Every structure is written in C-alpha cells, then in structure tokens.
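First subunit A sits with subunit B, and in the next complex the same chain sits with subunit C.
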Partner chain A sequence: MDPKKKTVGFVPDHDADTTTSPGGSNNTSTVNSPVSAFSNTPDLNNTTNNNSTTSTPNSAGSAPASSQPRSINTSGARSSYEPMKSSYEEQWGLTPTRTQKTASPRDGSGFPAKEQGAGSHKKENKVKTSGLGIQANAGSASTDGPQSSTSSAGPASAGGPPSSGKGGSQKPSAPSQKSMTKAERRELQEKQKAEKAARVSAGLPASGKKAAQVLNQPNSGFSPNPSKSLATSFPGAEAEKAIAAAESTGQTRRREKLTKEIGLFAHLDPPKFANTALAPKDLHPAVVHAGLQMAQFKICGANARCVATLNAFRKAIQDYQTPPNTTLSRHIQTYLNPHISYLVTCRPMAVSMGNAIRYLKYEIGKNLELPDEDARALFVEKIDNFIRDRITMADQVITSLGLQKIQDGDVILTYARSSVVQGLLLAAHAKGIKFKVIVVDSRPRFEGKQLLRALAAAGVPCTYVLLTAIGHVMREVNKVILGAHSLLSNGALYSRAGTAVVAMSAHERKIPVIVCCETYKFSERVQLDSFVQNEIGNPDELVNDQNNNFGHSSTRCHPSVRGANSGDAASAAAGAGVLTGWRESRDLKLLNLLYDLTPSEFVTVVITEVGLIPCTSVPVILREFLPMMQQ
Partner chain B sequence: MSKGTNDLVDILVAKLKRRQLVGSSAVAQATLKLLIVVISKNNWSKANDLLNLVRSVGQRLIEANPTELAIGNIVRRVLHVIREEFRDAEASSKSDDHSEFQTVPLTTSSSMYNLLSETGSDDKEYTHASHNLRSDIIQEVRDIRIELDTIYENIKNQATNHIHSNEIIMTIGRSRTVEEFLKMASSKRKFHVLVAETAPSYLGQQMALELSKAGIEATVIPDSAVFAVMSRVNKVILGTHAVLANGGLVAISGTHMMAAAAKHHSIPVVVCTGLYKLSPLYPHDEDSFNVVMNPDAVLGFEEGDLMEKVTVTNPYYDYVSPEFVNLFITNQGGHPPSYLYRLIVENYDPNDHTFDPLA
Partner chain C sequence: MSKDFDVVANYKSLLLNSPELSMPVAAIQSLVELIKHSSATTMSEFMLSINVASQLLKSSVRNSISLSAGCDLFLRFVTRNSQDVAEFEAWKATLIVRGQSFVEKADACRYKIAELGVPFIKDGSTILIHAHSRVVSLLLQKAAENHKRFKVFVTESSQTHGGIRSAKVLRAAGIPTTIILDAAVGYVIDKVDMVLVGAEGVVENGGLINQIGSYQMAIVAKAANKPFYAVAESYKFVRLFPLNQYDLPTYNADTLSFQELNVDYDSKTDETGSVSSSAAPSSALSQTALHMKTSEDQASQGSNPLVDYTPPNYITLLFTDLGVLTPSGVSDELIKLYL
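The block that comes next holds the complex of A and B.
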C-alpha cells in the first residue's frame, strides 16, 4: 500500500509542475475524454524521462542518487515496456492480463536479465522514498518523479529536464506533464485498487511488503505509460484484469501464444503493439502520438496514416532545434530516423507512408546548404505541398474523373472503406446522380460500416452485406469501385483483405472493376502472392466474444441461424465465443491477414490523378517520379 | 390415410414449418421414418393408391419447407422403390404366364439397353396388388434407411484416397460429412486445415474447433483471406446443403466465393455429400433455393438509426455452379459433376420429379 500511496502522492506535485500538453489536443481522438489527456502525457513523460537520463550529468547536482536513478531508468524503461504491451492487448480486448503482466516482468519474459529487473525494482522502491524526499525539497522542479519508480530518475534529474529541455523536442513535452490532473490521479488510484483486488483474487500477497512491492512495480511501470490509461479507458478493462489475475498464467507463455506461428506466415512479423518505452529517446510527442494511434488502428487507411505521419513530422520539424556544430538540413534526417523506425515498430509502414517519407528525405537531401530557418520553412512547406498535391488535390481529381463513370441507375458495389471511394460516391450523390450502392463488408474490422453510415446519412440508397454474400449480390451490380492500399509495379492491387474476392467475383461476371488510387501509393515493389509481404493483425479480433464485437451484434452467434435443432442447441449456445479458448488448444490457430493481392487481370481501370490508366501502367507512372524514388 | 399417420404427418409438417427440424440429414431421416409408417399403416391395394399416398404426403412436407430439398429426394427415392417393386412383381407374374423372355428389360429403365426402347413404364401398369408386396416395399425402404445411417461411414472411408500427407485443405462452414471425412483422414495422415470462419453464422469457427479437438491442425481465417491464402491450398473440400441435377450446389453462403477462388488458382474442389442430397431439380433461378436470414447477424438491430436507412441482406445459401466443382464424393464413390445425371436416373423415376397426383 505504501508505495502506491507514494506514487499517488507524487502525482499532484508533478501535476502542478506540468500544466499544458501540446499533444493534448490530438489526444481526444485517441481515447475517451479524461483519459485522453492522460494517455498522451505519459508518452511525453516518457520522452522527457529519457531525456532526463541522458542529461543526468546536468542534473546530477540536484540528485544525491543520480547514479542510481540512471541505472534504474533504463531498466524502468524496459519494465514499462511490458505493461505497455499488455495494456495494448487489453485494449484489443485480448488478454485481460494487465495485472498479470505487471507481475510478469518478473518472470523475465521481457527482460534480458532477470536479476537486473528484480534488483532494479527493489531499488526503485528505495529510490522512491528518496525521491519523495527529493521532491519535497525540489518542490516545483520535480518533473518526472511521480510517474514511476523509474521516475525516481525524474526527481533525481528533477532540475534536469528544464535545462535539457532546451535541447529540442523536450520542450513541448515538459509542460505536457502538467496535464496530469486530479482526475488522472483518481484514475490511477482506482486502477491500483482494481489491481490489488485482482491480485488478491489471484492469490498474490494482498498486503504486506511483498504485495506492496508487487503493486509498486506495476505502478512504476504503468504510470508513465499511456497504454495503461488507454487500457483502463476501455469499459471491460477492469473486469478483464480481474479475470486475468484469476488465470494468473505466466506472461511469457501468453506472449508466445499470442504469436502462435502459422507455418506459411512464419516470415511475417507477429502483430505489433506500440510501446513507447522501447522507443528511442527524443521522439517528438506528435510522432509518438501518431504511432500509437496507428498501432491501435485509430488511424487506419493509407491516406489517413500518411497524412498523420506527415503532420507529425511537420510538427517535429517545426519544434526541432539544431544541435550545435551542425545545420538543420544536415542533421534533421538523423533526427527523423528514430521517429521513422518508431512508427515501424508501431505498425508495419504503409506504402503510402514510405513514399511520403522518401519524398521528404529527397527534399532534405536536395537542400543541404540552406540556412536553418529557411530549410525549416521549406520542409514544412514541402510537407504541406505533398499533402495538398499528392493527396488532397489528387483525391479531388480522382473524384471528378470518377464522376464521369457513374451514371443514373448504376448499382455500384464497393468493399470495406476507402476515403477516396467514399468521397467519390458522396460527390456523385451530391451531383444528383441516382445510383445505388452495395457496401460489402467483412470481419473483423467492419470498416464498411463507416462508409455505410456516411452514405446513409447523405441519403444514398445502400445495401449492406457481408463478404460471404458476394455471390448473391453481385448479379445486380454493374460497377465495382474499390480503394487501394497500394498498386504494385506488376499491376497487382494490394489492398484490404477481401478485395481480391470482390474483384474476382466481379471479373467472373464481367463487371468492370474500377480502382481509385492516388499515384503516391504506387510502389516499385512487385509481388505475386499475398504471402511474401503482408501484415498479420491481432488474431484475437477473430474471437467473437463480448469484448471484441466492435459494437456489433453480428459477432454473437445466432442460434436462429442454425435453427433450434436439438443437436445444435448446445453448440449454438456455446457460440458466443467459439474460439475464446483458442490459445489453450494446441491445434487451433487464428490467422488475421490484413491485406491481399488482387491480380491485375481483375482490375479494369485505375483512376488516378493523372488519368484513367490500366493497372499495368503503374511502372510507367512510377518512372516519372524516378528521381524521388531513387532516394 | 388413417388418422394416426395423418397426425404424424401434421407433426412433421409443423416441425418443418417452424424450422425446428433443419439440416438435410435430420430432415431426410425424419421423412423416411414417416414414410415407412405411411406405407405400413395405411390400406392400399393398387400401386397407384400407394404412389398417390406417398406423393400427397411428400407434397405436404415439401411445402412445409421448400428449401430442404432432401425431403423431396427421399420421397422420390421411396416412390422409385415402390415402382421397382411393382415392376418386379409384375414381371414375375408375367414370367409365370410367358417364358423367361420378358424379365430382363423390365428391371430398370436406367440401363443402356433400353435407352432406345419405348419407356413403357406408364403409371397405369402398376395396378396389380400382390400379397407380399407390402413387406417387400418396406424392406426396400428400410434399406434406404440403412443407407442413410451408413452414409458418413461410407464417405469417410474414402478419405485416405483423397488426402495425402502434409496437405493444406480449405473448407468453409460446418458440415458433418466433411468433419467426419477429415477426422478419418487424420487418423492416417497429417495435414493442415484452413477454415473460413463463415460470417455471419460463424459455423466455420465451430468446425475449426471440432477439428482441432480431433487433433487436426486447424487455422481459422476470416472470409476475406480466402483468396489470399488459396494459392497454397492443395484441395478445397466442401460440404453442401443440396446438389442439384446439373451438379450445382446449394451450400452455405461464402461457398461460391471460395469455389471461385479455387477455380482461379486451379485448386481442385471436392464436395462430400450423401446421395440423399442429390436432387433431380434444376436451378432455373439462383435464388430459388435460397433463404434469407435475420439481418441482425449482419447489422445489429441496436444500430436502428442506420438500419432504417439501408437494406441489409443475409442470404444463408450460395448457389455454386457445377463448373466450380471437380469431384463429388458420395456414399457410392467419387463422381465428376458430369456423371450426376446417371445417379439421378438410377435413383429417381422421371415421373416423380414433380408431385402432381396421378390420374
């Protein structure tokens, strides 16, 4: 209990110091209200944390235990990694495990060296107390202290952040901590309570030193982590935790199971979960934020991800401060690189993002001699121009070209949701064309629903079916319009899984398949099947239990579907979560493939901002952008 | 019809209408059971009486649930048996009169020998009554029942002929036939099954669960990934709700998509089915054998605002045209779709394709 209280106690101090969060505005989109602010700040804290460590020498004077915190801090970062991940899992509705996980770092799952971890934890406790003292002394200067035992580093370097903050990205981050408010504190407390309850139920020491330690640990790991707050923001989280605790299996095992390997896809990365803790230091909060949102699929879709990335980089460049003895344009690339790799750790890079980043690098490389402020202005402008020219304007041109292909009486089928297709259909409706749309959707993300909502709200007559019914609805369709994640050089369309089935069904019935794709999504990559390059989503999304229904009742299994056959009654009743126990079954695996490859013969035409082209012309268009791509 | 049997018919009709009894197998069993009672418990002296009796019962059952084609199939099988029995009886009585001559061609109209001869099997022929006909017919119908009971056995025994080791097999939905087939194969071979989850009924998930319990490596994939992983699949093994006369399938929705993807990748599509699912009807309209289910499974009723504005369709079956199917594995062995007409001629009488009462 004590340590807990301590941490809690810390928070206010800390809050007082940190008032405004630059990233706070973005947060709202990530999570529900109070949490959101919280969620972001932790990232920032993290970054500051890191900074502070780097800058410990500066702050050494203020901290008697300066050396200690340092070592702790590194380990702390790791430990915080664990909970982070766990919380993501929770957030996916996967593993209830928050509490487990907190315990699990002990198991050495994520730790290279067990002893170190454990040792550091003990230290943490000590340090905390000391930290408290420090903080009391340090007063307003304490920044990171509250956040974690690791944060003991914070108090140690308490004086540090401000000084080091001048360095660059920290600047915005430092104030952000202030946004940890009472509400957050309360939340923390609640969480801790819940945790403890879970712990007790799990048979862990509920009270006494041990328990305190155990409990303390999570705090240390958690408070700095946005993930935790995110996790708790999900309604079922608390309950999940309790369940998880009850299960109390080792986290290592869980992790292994999470990534149950499927032979054919063994070469693909297992689903990723953002972990800011593992991220390199000095990340700009905007990038961290964008990465988190992508990892959670809050930002989803090639265009949205690209724009989010570019906007984040724009902020990063704006806030960037050139270190001594170098120039902005010469150093900015080395500054951006860790950001880029961080984004990749959040979720495999979209082709669109890759192209945009390549363009940015190309522009940077071209202007190495510019004075700092000019370069900054130029890069920011280039980013804006890229978004404007290659995405926004491109979409407008595609829409106007696409409008020529939609006539009165058309029945248009589309799959899932593409921002371009949605824009096109809405524009066609606004233009007064009378047509009908069939939205085909599929598990597990039900992205088409968003499109359906938009179209229905605009008054477009819509039909909504799942992918299995494609054979049933296809016969009344006379055009298929699809979005694209990327168009590959061999003319293949790389897009949301299921697109190939839709295109194939249309092709089979000789229905034209129109793909809307901006040229910046073209890729020089070639691919012959959906195996060599793909992305594996969270397998637990396929489990249709209550935590994972995306607000959709269809994920319930309907006894009615099967009929009231006596034999099936049992199975139907159990149907609520047929796959719930899949991790426990040796032979049962889930594969959640996110993309598939549509062969070029299924695609009739591609609408791009440079005109209507066959998809085999991709390499021709790519040649035009060759200098950029060579970078 | 006696009152007792009439009541029994009513009960079955009610069950079918209320969808309390669904699934080809269950329906076929129930129909056959009922027909045995109808034949044994009612008075009939002439063949036409019996045929009309069975037809009228069949008609009622079919109207109760027209999408369960197995009902009609079983009734036709029984009618066919009745005709055969009468023909045999007639032949034997004739052969008493004449010499041994006439016996050969009368046995069946399904032999090549009498393709060109006149189809003399007019219904009016079967007017004779025979003392032990009833028991003969019931015996024959019981044989059908035994056939129904041993269908899974017969089909699954062929499994090892079709599955080699380390194969990757794809399937969709949950079919008991396929399940037994794969389980049988797994006792001798090691292979991997990919199961499309088959939203919105999610029967595929159940299938995968069952297979994994039997020790078969089963991977659930969302329906959207069917095309993506098809290129590595060795065989697609499907169950079906019914097989139509042209070799087309009425199978759970999503089957068409899977079969078409298999066709694109030149992956063989194997359909495991009992012969009782083989219907002599042709699909004049793809929708004619389909059912549309509750849309709640597709778009939840809790999203009422949205639901008001859009059409939501949830078809339960797909029609899969015969060119997508490479092989049917029935309880009588493996057949290409082109051979199905033969099986139909052997099992059903052309006069029974519709159930209009006889003159």
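The block that comes next holds the complex of A and C.
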C-alpha cells in the first residue's frame, strides 16, 4: 500500500466517508452494543436457533472425547500464561469465586455432555471455554480446521428452520452457512455474541438454549446444546475449536499450526472478545457495558478507558446494596473484585485503569470505619476527584505547558491519536499559533483519522500519511508530539504500536520528541522490549476485509483497496485480499500487536501536569510526587 | 515598596564590586537587600514587590539565564516558607537572615565542588576548558594545590575573551596553559584527556546552558570519545526545558537573522544577479558581508547568540555541590526542589 500523502487544508477523500460513519456503520453491520442487540429480539431467536441446531448432533456424540483434550489444554497452550493470570489475580484481587460463578450458569444446563465437562473441570474456567468448543466439534475431530468443522455441522443445520427476517442479507440462511466466507461466519458469531450480551443484560439465561426456551422459541425438533452457542458466541471460538479438534487427535504439530500462536508471543494473552457469558451474573450493568465497549474498542485510549471504568464503578458503588452483617466499606471491595476481573477478561487492563483502581482500593482500605452512606459519598467523591485532578485538570495543565513549546511556523508530526495531543494541537490553533500538523497513521486501526478529522474541522493545516512514509515527511518536521499509554520506570514509553518507529526516526534527525502523559499513567513496571508484555489484538484486523469491521470505523480496509472496488458489491470478495483465509493456511500466522516500547533515549521531553521532565525522571515523580498527591 | 530601592542598580554594583560573585548569588543578594528596604505591610504586597523586582532583574540583562535561576530559587524559597507565617515582620527578618546565609553558603559551594572534582584530574593529563568560569578555575587551582601535574588548553572565546582571563588566572597558579582559537577545538581534542566547562545554567534534563561554543566542544568531545564534564553550583539549576538551541529564552527573531542587504545592494546586484534581499543565496550574502560597513558588523554581532545549549546526552557528568551527578540526576534534584 502506497502511502497517501495529502496536503494542507482538506481531508483526504477516503477519510471523508469514514467521517460520517462512526456511529452509523457500526451498528448496521454488527451488533455492537448490548442495547442495540437487545432491540432485535426476533433476530435473536433466529440466530440462537440456527446456532444451536448446528451444534447438536456433534456435541451429543463428542462428549466422551471432549474430556481428554480439556486436560491437554490445561497443561498445554494456555498454561504458558497462567502464571501471568495469577499475578493479575493478586494485583486486582481476583478471587476464586469468580471462576465458580462463571461456571455455574452452564453447569446447570442439565445436558450429559455438559455435566461431564463441567463436573470434572469446574475450576478451570479458562479451559472451560475451549473445552466447550471441543464438545461442539469433536465429532469432526478427525477433520482439521474450522472450515471442516463448520461443514460437518452444515447438514444438521440444514434441517433447522431457515433463518429469516431483517438480518437476512447479513446473516445467510442456515443451508448456505457452508458456503459462507470466513468473514461472514465471523460476523454471524459477533452478532450472536452481542445478542448473548443482550440476553445477559436483559436478565435472560446466558445460554442461547435457555434464552430460547424463555422466549418460547419453536425449536422442537432439536435439543440445542447451549455449549455450542457459548462456544460460537465469540469470534475466537472457531480457532479454539480447531485447536481442540487437533488436540483431541493428538496431533500436536497440527495444533501448533492451528493455534496461530507466534512463538515469541506465546506468553501473552490471546486476543480477547466481549463475552458476557463468562461474566458473573451479578455484575453491575454499567460495568458490563463499559467492559463490552472496551472489548470492542469502542472505548479506546488510556484516558477514555480509565474514565469509563471509574464512571462505571461510581455507578456500581452508588447502586450498591450492603448485604446484611457487613458494612459498605468492608464489603465493597469484595463486591468490586469480580467487576475488575470481568474488565480484565474483556481486554487486558490498561496501566491507567490499574492505577485508578489501585487508588480506589487504597481509598476504600483507608476508610473502613465510615458509616455506609458517608463511605458511599466519599468513594463517589474520590472517584470524581480522581477524574478531575488526575485526568481532566492534568490534561489542561499539560496543554498549557505544551503551548509553550509550539511556535509559529512549526511543523508538528504526531502519530495515531492521543486525546491529550489532540487537545494540545487544538488549543494551539485556538491560541492563534500558525503551525502545520502531519498526522501519521497506520493499519489496522487508522486512529489518526479521528485526529485528522478534528484538526481539519478546526482549520489546522494537516497532512495525512501512513507510517510507511515517515522517512519522507520527517524531513520537514521540527517537532514530534506523541501520546502515551504508559511511561515505565526506566523511562521507556509504552504506546500504540508504531510509536517507536516514529520516535526513532525523529531522533535520527535530531528532531525533539515530545510526549504528553499524565502522571497517573506512570507505571512502576520496567520493561526493556515490546515482547515481555504487550497486548495481542485481533489478528483478523490485519485481514483486508470489508466485512471485518469489529465495530470500529477506523478498522476499515485500506482506502486503496476500497477504492479499487468502490460501490461494487460483487468485487467485495476481490477486495477481501489474500489474507482472507489465513486461518486455513497452515504456515501463515498473523500478529497484531497493539503496543510497542520506545526506549528513553528517543524521547526528548515528557510534558506532565507537574512540569516538563525528562522521561528518566518517572521514578522520581512516582517516589516524590505521587505520595503527596494521595494525601 | 521598591520605589526607594533600585534593585537593578544594587545588583549591578554588587557584581562590579566583587568580580568573584556569580550572577545568581548577586541576584539573591540584591533581593535580600530589597526585603530589607521593603516597606510592604501585607503578604501579597510583599510578594508582589519581590516578583516585580525579579522580573526587573531578569529584563535588565541581555542574558538572564543564570540570573533567573537565582531569582526563581529565591522566590521558591520565599513561597515555600510563606505558608507558616505567623507574624509578618518576624518572618521578613528570618527571610533576610536565611537569604544572607544562602549567599554565604553559595560561596562555599565552589569550594565543595572543587574538592569533589579534583580526583577526576589525573596526573599528567591535559584538560581542555572553555572561556572563563570561576568554578572551573577554582577547581583547577585546587588540583594544582594538590600537586597534580596537568596542562590546560583554553579556548580564547571571542566576543568576551574569557579565555585570556582564564589563562591569566591559571598561569598565576602555576598551571601550564595555552590559549587556542575557538576554531581549534577539533585540532587539539586528540591531545586532550577531558573537557571541563562551567555553566550559566543547568536545565531540567541535565543539559547545559553555557557560553557559546560549549555545544560544539561537547560534540567534538563526544566524537573523540573524551569525557565532557560540566561544573556548576546547584543554584544554577534552572527550571527550563529547552528542546534545542532555538528553544532558549535568549533566542529571538533577531538571533542570527540574515542581514538586510539593502546597504551595498545596488553595487552588488550586478555581480550576483537578481537577488531578493532576505532570501539571498549564501554566496551573495557572504560577498555582500565582506563589503559591509562597520556599523553593520556591530549589528550582526548583536544578533549572535551568547549562549548555547548542550543536550544531556553529550555530558558525561556534572560536578555540583550536591555531588557528582549524571545529567538525569539533575532533574531528580530539580523535581525535589520545586515540587
């Protein structure tokens, strides 16, 4: 893809249509928010049915086979990151109760296959998911890959009631499922996932089958297995099925291929998907909502995620009813823990969220003796103050400090989008400083477009290029301003993947690299490279596929691809690109890392609310300043 | 208020009377004098008068970096102590006492630095220094007193000719000293074991603001893998974070601006073709510059920068009265001081 460079004053055309779409397009293609999902009740019936009928024959026969791969799974692929989980547990106070709760709704389903699995592995909630996948597919265990598993399911579903209704174009009827493209199936699954979320938030049973029963769905001919709908209720399930299938036949080499796990990153959590099925039942809806939005990248960015988390927790605290024989401040932490662990299951915790939650816990622990209502008011106030002091006001101070560093005639380069950087650039423009901005962006998220849109709307002269053109545009740049996900104690900058390239190429040309970061994002962690800790995004985002929206307008396929077949529905398949069937290709793995690490020597200055500091001073701020702030 | 007391005149006379006094200390001393003369009766009036005075001081000199370091430090000192004011007059008195003790301590700073720095000077070494710095001279004198045998190259440092002053001081202390041209730094660097410079100010990232020429010296030293040490008293730590040379408070639009070629312009155009005045090619500029009148030479001198900024990655260590610090250590100290 050749970098598109557009100059000053106008928004690139490919951006123009995404500009209008962020709200609209998301909801049309896939159901993204629990609310909207719930509104399509008829649809829900159809898909549930569809889904469950597909699985039934397989799961019935596969029950005995499935118990074995489960144990393989425990010690195998997943065990590599289990230790990390436990550290998370320690950090966020994740308690074993969570796994119990997680398991319970499914255990109650009363199916033999179910019982067997659930009974023997009640505690391994992680394993559970994949185990259920196996149940659904072990009938096709001898065949390999998700492709074949679906095709074996095809005949069964053919007997089911054909899907109908408004979703028809998006969601083909059951017989055609065999011929669905990967992406279409994925979309279907996404939809089901969202519907599950809706069911949960609507107080229906999490499993599709039970929900169907509740809704009096006519699916008499089949006894749908809830495990199947669970397994397919999130996009990763397919891969997991395939893995499990391979495992059950003992084909470990095949398994390696199918996990699509990249050796160097095997220790990281695989990409996560919104899956309320795994969530405990008694979560506060606000937290569930926030978690889903984060999982779908609808809430994205360290600040936004932190604010969303805190606001959800505030609502949870406000609505919290103290159980008998305890006090609010003593019990609230136990109450919040499953919420926190739920957020972790949605998407790995951001450093900002972790710090905010740690602060909240610190405040709770400090005020154990307060009467309930006082404590509630205090915690709500503390949350509000945290958002105000550490985020909102901090951003304002950073903006005012940053303005000192922007002069007339500057050409400022920035990468992707940071809310602080956007605020700073807009403030500089509002102040009347004459400067130009080069927005560098990259696949797969194209977050820079959002910034570009805001800047162009404000009338800031902008240029939009992709990361590949960085060497070319760096020549005219005289300042680089970047946002941060976190600043680590060794001064390293942990930020959106691609930041390191930008910082290094700026350093190469002795262009000052300015990082805007609030002090609450400082981390005590030390990291020397991007491998030890990172987040793996959904690899399917890398696939050039129009249908692969993932609820985010910016994840659309590259404009050049889209431009080639614009408006032509038939050529959509051509636009899908070579990666479409990547999961079937044995030797192809995709890696979508979300973050990277920029060593401290490539960062000139960090603008924080406590002033301009070199990034090596992070530990000093953590040591000297933060205890002061907490008082 | 300060109507009856001219803080700037006091500052200038202090510097004139005692050449050993450095600018920030003189600034603090004159601010202490101001407090003595202050007739302010309320806290806010008092703070205002100090703020006004420090602004006056800063604007009174062309290169205010080290001076503002002193002023800021004193202001910080005043504001930090203003929380626990019980009785205004008594507080004022303590401020005066503390200010004076600060000035005395500042004097001792240099001796402490000299003590810390002497071990770095090895017998038989050759040292390159830049222009004139009291604290560097003192350090070298102390080293000589400790019977270290070493030789010194000192850059002449045109404009101020501080190098000549340094050479005089060092020769008097029995140190073999050679004055070199500013342009000869690269020539001598291979013969040099270490580079020592003073500082006008030490900025927040551990970088250095010093007499022009320090930066190129640091670059040359780095290229030749020679240690580059800065010597600075802690009262020269200043809350600035320059991104590059052009981000200093001393930088303005006039700095190194290209001369208007209007003077001999008519006579030159036939040689250089059609030359637009400001966007002239450099060849035309230099040709014209040769024919410039003395008055314009003066003008171009005026637009030359007096100080430059040396980024921290060129600095090996800083010798300060707080100890021998790495550049990032400076920012730690500054954060502790100002937060």
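Here is the rule we go by: the second predicted complex is superposed on the first by the 338 of 631 C-alpha atoms of A that agree within 3 Å, B and C clash if a C-alpha of one lies under 4 Å from a C-alpha of the other, contacts with A are read in each partner's own complex, and residues count from 1 in each chain.
Here, contacts are C-beta pairs under 8 Å (C-beta built on N, C-alpha and C of every residue); 3 or more make two chains touch, one makes a residue touch a chain.
Source: prediction; values computed, not measured.
Mind working out whether A:605 is in touch with subunit B, subunit C, both or neither, as first, second, both or neither?
second
If we overlay the two complexes on their shared chain A, which of subunit B and subunit C does A:389 touch? Say first, second, both or neither.
Neither: A:389 stays clear of subunit B and subunit C.
Subunit A residues in contact: does subunit B have more, or subunit C?
After superposing on chain A, more of subunit A is contacted by B.
Considering only touches as defined above, state whether A:529 meets subunit B (first), subunit C (second), both or neither.
After superposing on A, A:529 lies in contact with subunit B but is clear of subunit C.
Check the residue A:616 against both partner chains and state whether it touches subunit B (first), subunit C (second), both, or neither.
second
One more residue to check, A:542. First (subunit B), second (subunit C), both or neither?
Once the two structures are laid over each other on A, A:542 reaches subunit B alone.
Which holds for A:373: it touches subunit B only (first), subunit C only (second), both, or neither?
In the superposed model, A:373 contacts neither subunit B nor subunit C.
Tell me which partner A:264 touches in the superposition: subunit B (first), subunit C (second), both or neither.
first
Pick one for A:381: touches subunit B only (first), subunit C only (second), both, or neither.
Neither partner.
Within the complex, which stretch of subunit A touches subunit C?
405, 479, 510, 512, 514, 601, 604-605, 610-614, 616-617, 620-621, 624-625, 628
Over in the complex, which subunit A residues touch subunit B? Could you list them?
It is residues 262-264, 442-444, 449, 452-453, 456-457, 459, 461-473, 475, 496-498, 500-501, 504-505, 508, 529-531, 534, 542, 544, 551-554, 556-558, 560-565, 567-568, 571, 575, 578-579, 582, 585-593, 595-598 of subunit A that touch subunit B.
Please output the residues of subunit C touching subunit A within their complex, sorted ascending.
Counting only subunit C, the residues touching subunit A are 204-206, 239, 241, 243-244, 247, 312-313, 328, 331-332, 335-336, 338-339.
Would you pull the subunit B residues touching subunit A in the complex into a rising list?
Residues of subunit B touching subunit A: 18-23, 26, 168, 192, 194, 197-203, 205-206, 208-209, 211-213, 215-229, 231-232, 252-254, 256-257, 260-261, 264, 286-287, 290, 293-294, 296-302, 306, 309-316, 318-320.
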